[in-house]
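The structure under discussion is supplied below as structure tokens; questions concerning it will follow.
Chain nomenclature is as follows: A, B and C, assigned in order of appearance, with residue numbering initiated at 1 for each chain independently.
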């Protein structure tokens, strides 16, 4: 519980809060550029958040208290998730809580609350979105867990900090099981973050929405928190991906200078990751809802095969 | 300069020549001539081996020993007689409009190439080349099965290709495993896949690898033998192609697959020291006999019925080799020989019978003996032979197999008796009306059929049942002891 | 560097397995052929790499043969065939895709468990990949069973050959050259014959749906 540890924890928190909307803006820019359209400014998400915080709050008449505090719960979950992932440093006071399974649990908690709140107000689109979200989540969660287990099997622990430290310190090796897990993880993050090919974040057609449908009723600061939470979720997923598959550059304990280096490295890795995600989104078409189980089933099976391949080739 | 070069070279050359001229009317005779030359070369080679002992040819790539030399001669002989039979038969088919000159070209050239692949499979010393030859044999006959271009024949040929292809892929995996086991002992050279080298060191091959390899090899080559449950391609393929093709498929190709399994069994027995290989073969063989017998009782198409009979007999042969021991091996080898002869004879007569009746459905063929006594008697005697009536050769081999089973594997004998009995009854019930029934609409044939091959085959089957010449006996005994068990 | 190469070969092995799964779930026939082409390329690359590491020149020849046959010649023939036959989609399958994938997983587990004792006995460089090769063979086999059109069945058959060749390469550093040539010749002739076949089927049945070819039964 060193001072440096507390400091790096706070830094991680603040970085997450500030960088998440920037990441969303960056991906958005790249999507527009790849589609030959002129892009909005990189800081547009910040401006949107600022605008929303200053608007008047309106709620449906029969909205329950659940509806009211869901945005805070969700935001809190995502912030906590971003804080415990070792983005800048593995020396975090919260690292005992940084268990991969706990992380999945946090995401699940947020999902439950969003879905319940969406159904709370009683509109049909909210229920539609909630049902679809549950379908996606039902299949994506096991896949995500399998990916985590794959990485845990190689490093011998489910704690994210231990995983990052072990993988970063190993000599450069190609783990085929991590390749499979990586493909599976990409598919899962596309699904969980409501990206093409599962869900189009730009869509205005309610019947095709999954995530957007659930937050249709929110306004002002509630909507701002939900949007921020979505950005934080994307940020968290990206950081988990970087931690599992590209863990180099993360500062260790008692290395204040490395902490300074960790931030630019993180920004660099996120920038490339964002570009790749935008490319994947542009190259795919949104798939029909009943194909989503196939998509996620494939991700699950790839993750399981990654595990099996690890067992088979584990001797190497 | 060994006669082997001729044995292999003549059919290959024949295939190429007939690919050019196969559509001419003379092609039928050219086909017979090539087959005759192959047979003569095989006889010469046989005499060489009798005098000189087992031979290695061309840097040990080919190996002729008592086990395969008589199979080579048998194949060449049946190939010759089938070519003689096919002369008038295919002419009649052409007159009926079922064959066109381009297809005749395909038919003739593939016939010779098929002989080549079978002979290659028998004589090669390299386990990998056995596989290549088996696959090539499948490929040459696939187009032959579908040569009539009817929907049923296309279906049969497609099933044949796909199922045999899948099966044989398993055999390739088995071969790879054998190579792996051999690699550890002999190192990775070209000699590592030679059967003769492997046979010398078979005690040192790793048992785990060899047992898995044998399972894959049995499943793979067993598909080509027609062992149940991998047999579903066989009745279709044998029934839908032209009759000469059915005759060589039933009579010859099944033997090549059986031979491949036997070679692998020798290696596995040496490596394992247990009876696992034999027990697997007994199991599959028994299953095939029983299932095929019951299927025979449900058949309406005459060629399908006889294909199931082939499955039954190959199952019996597999069972015999599975039991092992000098008597059972001898019986198995004898059965392989007489089955080839008698089954092809049956197909010759059935071919002409179906041509006269214009259909393959048994209930519509009647009164053969009145219209064409030679065909009728040929069919009757052939069926008697294949059902195991004395004094034909099949009786002798089945007797030996059953008595050995009663002595060594008594649990199997009730099944065998039951199956043989069911097959006997079913076939007789169906064939008797065909031969002796009331007169129906049998047309005369435009060209006189070549029925001498039928009676030659049946005569040989009879002779082998009564008296086996000394050199042949010596062969069988030598081969049986080499197969061990 | 030398410890890198076995890992690279394992990477190719995993890639080949991945492609087998992708082929199992793929509906567009053009993509199926392209996936098969990539699988052939990965196989050739693994052969070349193995040849470099073990110093066997045979493996270079084998890799070159694979490249010529499975990456250039056969995909070209298949593309021509499907253009003439005008087949694009294979929408209906025997089992739906999630079930197919689950059965595929079961097959992979079965193949791995079967191959584990054997690959421990192998002293070849990439002996651990035998299980992967066997899994690929079984997945291709499954692809042949669950498809209802002729072209995917053919591609399943060819993919099975790929798996077998991969097994031979990893476990024993390649088969004797003459055998490899024989196998390659068989495969080539097989594809030619299948091509001829598919035209005949198309002519007779006006469709390449295999379910038309189920009328021969025992009655």
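What we mean here is this: a residue touches a chain if its C-beta (ideal position, glycine included) is under 8 Å from a C-beta of that chain, and two chains touch if they have at least 3 such contacts.
Please read these numbers as outputs of a predicted model, since none were measured by experiment.
Common neighbours of chain B and chain C (chains touching each): not present. A simple rule picks the central chain: find each chain's mean C-alpha point, then take the one closest to the mean of all protein C-alpha atoms, which gives C. Across the assembly, the chain pair joined by the most C-beta contact pairs is B-C. Note: the chain lying farthest from chain A is B, by mean C-alpha position. Rounded to whole angstrom units, the spacing between the C-alpha centres of chain B and chain C is 31. Rounded to whole angstrom units, the spacing between the C-alpha centres of chain A and chain B is 65. Centre-to-centre spacing of chain A and chain C amounts to 36 Å, using the average Cα coordinate of each chain.
For chain B in complex with chain C, the residues that touch the partner chain are 126, 128-129, 131-132, 135-136, 139, 142-143, 146, 149-152, 154-159, 161-162, 165-166, 169, 172-173, 176-177, 179-180, 183-184, 188-190, 192-193, 206, 208-209, 212, 235-236, 240, 295, 298-300, 304.
On the chain C side of its complex with chain B, the touching residues are 56, 114, 117-118, 121-123, 134, 137, 141, 144, 150, 153, 157, 160-161, 164, 167-168, 171-173, 175-179, 182-183, 185-186, 189-190, 193-194, 196-197, 200-201, 204-205, 210, 212-216, 218-219. Within the complex formed with chain A, the chain C residues making contact are 4, 6-8, 10-11, 13-15, 17-18, 21, 25, 96-98, 101-102, 104-105, 108-109, 112, 115-116, 119, 128-129, 131-132. On the chain A side of its complex with chain C, the touching residues are 173-177, 179-180, 183, 293-294, 297-298, 301-302, 304-305, 308-309, 311-313, 315-316.
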